[in-house]
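Per-chain numbering from 1; labels A, B and C assigned in written order.
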Amino acid sequence: MDNLLWIHSKRSGKIGIFLVALLAATWVLVPFLWAIINSFKTLEATFSAGSIIPFLNFQPTLDSWKEVLDDPQSINSLISSALVAAGTTVLVLILGTPAAYSLARFEFPWQSKDIALWFLSQRVMPPVVVLVPFYILMVQLRLIDTWSGLILLYSTFNLAFCVVIMRDIFRDVSKEVEEAARIEGANLWQIFWMIALPLSLDGLIVTGIIVFAFSWNEALFSSALTSQHASTLPAYILASRSTRGVNFNVAAVNTIIAIAPPVIMSFFVQRYLARGLSFGAVKG
Amino acid sequence: MSKQREDDFRELAAGYFQGRINRRRFIQQATKLGISAALLSRLAPATYAAGDNLVDSSPEAPNESPITKERIEFLKSKPYKGVTINVLVLKATVGDCLKYHAPKWSEETGGHVNVAEVPIDTLHQQIFSDLSTGLGRYDTYMTGCWFYGDFFTGNEPYIVEIAPFLKDPKHPYWDPDQWLPAMRRLYSWQGKVYGVLFDGDAQILYYRKDIFEKPENQEKFKAKLGYDLPSPPKTMKQMHDLSTFFTGWDWNGDGQSDWGISLHAKVNEQGFFHFLTLASPYVVSKDNKYFFFNPDTMKPLINSEGHLRALEDYVKFLPNGPKEAISWTLGQGWNLFLSGHAVMEPTWGDLPTFAQDPKSNLCQGKVGACVIPGVDEAFNPITGKWDKYENNVAGNTNGGTWHCVISRFSKKKEATYDFLAYMANKKNAMFNCANGWTGVQPGMKYEYFPPIGNGSLDEWAQYGWNKDDATRYLNAYYENLALPNQEEYLRIPGAAEYWHELDVRVSAVLAGQAQPKAALDETAQAWEQITDRYGRDAQKKLYQESFAS
Amino acid sequence: MEPANKAQRNSERLFKYAMLGPAVLWVIAFTFFPIFSALNYSFSNYVLGRGITSYVGFKNYLLALGDAGFWHSLLITLVYVGIAVPLEVCIGFVFAWIITVGLPGKGLFRSILTAPLFTMEVAIGYLGVTLFTSEGGLVSALLNLVHIQIPWMSTGEGGLAAAILLDVWQWTPFVFLMALAALGSIPDEIYDAAMLEASSHWQVLRHVALPLAWPVLTVAILLRLIEGLKSFGLPFALTSGGPGTSTQLFSIMNYLVTIQFFDFGRGSAMGILYLVMVSVIITVFFQQMRKRID
């Protein structure tokens, strides 16, 4: 589909947009660049004035990369993180999307908005307060330091995102299409599965990305409920803090390792996030 | 006793107490001198039963020295084949050290060590969640000494005494009698030893000897302050003068102006140890050993006049270092000294150890060390009076003194002890404290040089140490641990919380957000609240117990 | 959709509850015990190793309410969220607009602008220390070029400002993604018509895109508010709440009391007080915002 908005823009508007985009990209990229630079420093160089440009200001070293890659725990936590985040995303979408659809389409004894808010209230609770009870719960379920324990927990917390965001997305999906399908003889499940869901694909992907990101980044529960086997990357990054303080160069390596997989993944997923995909279908 | 015999015996006893000769030899020689067995057993109580069977080394155990004959026999069957012990350690230098030894122990005994590492923030919580829910996933935990009280709050301690294992000669040999008393106390509770030797922390003052001894600096100092540059400083006043003098000009010749002291004062880190360390001579004297609480009432002493003066003096150091030190962590503080921009730093033994790496800094061979300077007037918070002293100095054991304790829920206590004792064996203990990356500091007599112990300078040099640095470091470190006045170490339940309340308020004073007097009064108030929550009587009992050893 | 007959109505009822049920049951199953347990602790005196030693009524609540530190932490938290969230919403929306306009290479830009979402708060906090320190920090070095010196790391205000900047950096992509989905669901015809009439992008943005995307944006604001009020890892890694307690957000204080010091009683009471206050703020806020749309 052509980008009519871009084509119809005035030249000055185009330049303006482009400048803003460049500025935005710089703002986002500079800290990453700094992390990359830091990852090639010695700990001493991370706090020396003027250690900014490699080779010119300081001698880069691969020491911190070696330190992280030589540690079997770093790969282990990368795998844990990936499995836990993917598992959570799938489970949340399976549980949350139908609920969101149901809330968007049907009447309930309570207002559907209030039910959505109830889901959301699960995220309002300060996590620290439920950390200890959750620990006890996990002990009883024998899920301490397991992937399933974390998936279960993260799904509980992130369900709210899915319900709230998808409810709004479904409400935007045109009801006429669904009505048409119903007249054609489709049952409710078919309408949900074959009409509503494909039409809200971009919302689904956004939700998936957000849930994935939250599970991928969660540190507090992960570092309390795991210690070795299921320890995720954030817990591992937290541990680049030693008695000596934080090894900022090692933390930088970990940051890069932590961000690379989801960013690469998002390159692929985002193809489907193209604007107009769903409405293209409607119009087509 | 004839004069000659008396002198011989005195020398023999000195050799034994300073660790130059072992117990077996001492008893042999003393018996020859005709000293009665009863007297000897009083003089040399046997903590360790196997002293008589020691040999220097054995092919069965290439990493143990000395080793008992029973041990050699025991190892032949690979006794711990199929046994896995689970260890929870601090993810850091000290944890790396344990991980280094684990496979070597496995080779000898057939056992396997499974190590889980957690950062310092979550270690306490991980240990006590595991214990208080009775989950008991670990056989042993690496603990900081301020966690100790928490092991003893219930009816039954969470951890077990090591005495029964210590008596069994089939385990690796190590001798708790070699411990410096100040260190041994931290591994014990009410006279019973619970921890197996690992680390031995204390803070002393490190300084740039070369800068202090540079003639032009000495001339300038004398011209400015009217007395000879004190190297090392003996009193707090001298330390203040030095830190002020070396601030704000370029004494290392790199074109940037430099600093008189390096501190790290970020909250919730280890910065408050600076205050605890530097405040000790103001309060701890030969007339008073209490620093934190009145042992009879559990009333806090922290807002006493002595602590107040200590805090007021401590704040004066702040302008002599970078302003940002207020948000620095330990590594940043060390970095300032190691990169040659600060002339003094009161801290742990890691600093001189890191200084031995010529790749990352220029300080090797230039590090001086001395005990924390003293004051001529100390406050006795129990009597409420200032007392005059010639120069009151106090030693400290501030820091983690990280080591492992065995869980009472463990089903493999014996194998666990075997591994811990393996690391405490002299050969490995020596390796640990001479290497910088292990984060382990010396607490046993044999790690020091004669006349203190029977360590050898060559052994340290072998690990890359500059011999002068090693001598200065170890002598000052020992002097600190052997000082008659020792600052107490807070080991009651909630120690971390008491410290935190102090920490944030000292930080507020440093940031200029609060006045010293108000800050300490508030701290005392917060401490009372903590004491009440734990129960005043229970805390009082544990506080008094924490002294007994 | 008006159900035509009773059978259809029944099947519809079955369908809607079957769709909603699993999620509701899941949440109840896994949150009932923790919330009940937290309530129980909040009325008790808890000591590590001995467990609950006694029930103390509302003492923990009164202790919290009488604690100046508690109120201070609430204030700091409000300042933090009050500055960070509006910035995130504005910047995120603008980002979404430039992608929606469809400038060349928008796929690349979109991926770049999403990236910070996958960085963990604590790691950003650590990175922030090296960015803002005056000893070799990038931000300080750049500002030095124009002779500006900001005491980022040695004062409470500086620390808070640094934390907010990093928070904005990390969470703008969240708003960006949601705004992108919202703008994406607006039919092209509307944009095209607007673009032909309006004189600048700004006008289309302000008068067409914003009102149409507002419902989704309010959800984004709501979610960011809720998450922002819980911000912990980033500020904790950056300043640990210091100097003193000047950057001690509520979550940091709550963490120290409950987890570090095992004071479940006071920690839970604080948490529940906070829960109540936040719920009130959020409900009122949300209803006000939604009212404007409806």
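Keep this in mind: a contact is a pair of C-beta atoms (placed from the backbone, for glycine too) under 8 Å apart; a residue touches a chain by one contact, two chains touch by 3 or more.
The model shown is predicted, which means the values in this text are computed figures rather than measured ones.
Asker: Which chains contact both chain A and chain C?
Answerer: Both-contact set = B.
Asker: Give the label of the chain whose average Cα location is farthest from that of chain A.
Answerer: Chain centre farthest from chain A's centre: B.
Asker: Averaging over Cα atoms per chain, report the distance between chain A and chain C in Å.
Answerer: It comes to 14 Å between the two C-alpha centres.
Asker: Would you kindly tell me how far, in whole Å, the mean C-alpha position of chain B lies from that of chain A?
Answerer: It comes to 44 Å between the two C-alpha centres.
Asker: Quick check: what residues of chain C touch more than one other chain, meaning two or more?
Answerer: 133, 135, 259
Asker: Mind pulling the residue numbers of chain A that touch at least two other chains?
Answerer: Counting only residues that touch two or more other chains, chain A contributes 47-49, 132, 136, 224, 238, 246.
Asker: At least two partner chains per residue is the criterion; list those residues in chain B.
Answerer: Correct list: 121, 125, 269, 332.
Asker: Report the residues of chain B in contact with chain C in the complex, numbered from low to high.
Answerer: Residues in contact with chain C: 121, 124-125, 128, 131-132, 150-154, 158, 265-269, 322-324, 326-327, 332, 493-494, 496-497, 500, 504-505, 507-511, 513-514, 529, 533-535.
Asker: Which part of chain A faces chain B closely enough to touch in the complex?
Answerer: 42-44, 47-49, 73, 132, 135-136, 139, 144-145, 223-224, 227-228, 238-239, 241-247
Asker: Going by the contact rule set out above, which residues of chain C touch chain A in the complex?
Answerer: Chain C reaches chain A through residues 1, 11-12, 15-20, 22-24, 26-27, 30-31, 33-35, 37-38, 41, 91, 94-95, 98, 100-104, 107, 109-124, 126-127, 129-131, 133, 135-136, 138, 141, 169, 174, 177-178, 180-181, 183-185, 187-188, 191-192, 195-196, 200-201, 215-216, 219, 222-223, 226-227, 229-230, 232-233, 237, 250-251, 254-255, 258-259, 264, 267-268, 270-272, 274-275, 278-279, 282-283, 286.
Asker: Where on chain A is chain C touching in the complex?
Answerer: Touching chain C: residues 1, 3-6, 8-10, 13-14, 16-18, 20-21, 24-25, 27-32, 34-35, 38, 45-52, 95-96, 98-99, 101-103, 105-106, 108, 115, 117, 119-134, 136-137, 152-153, 155-156, 159, 161, 163-165, 168-169, 172, 175, 178-179, 182, 187-189, 192, 202-203, 206, 209-210, 213, 216-217, 219-220, 224, 233-234, 237-238, 240, 246, 248, 251-252, 254-255, 258-259, 262-263, 266-267, 270-271, 273, 275-276, 278-279 of chain A.
Asker: Please name which positions on chain C make contact with chain B in the complex.
Answerer: Touch residues, chain C against chain B: 45, 47-51, 53, 63, 133-135, 151, 153-156, 159, 236, 239-246, 248, 256, 259-263, 265-266.
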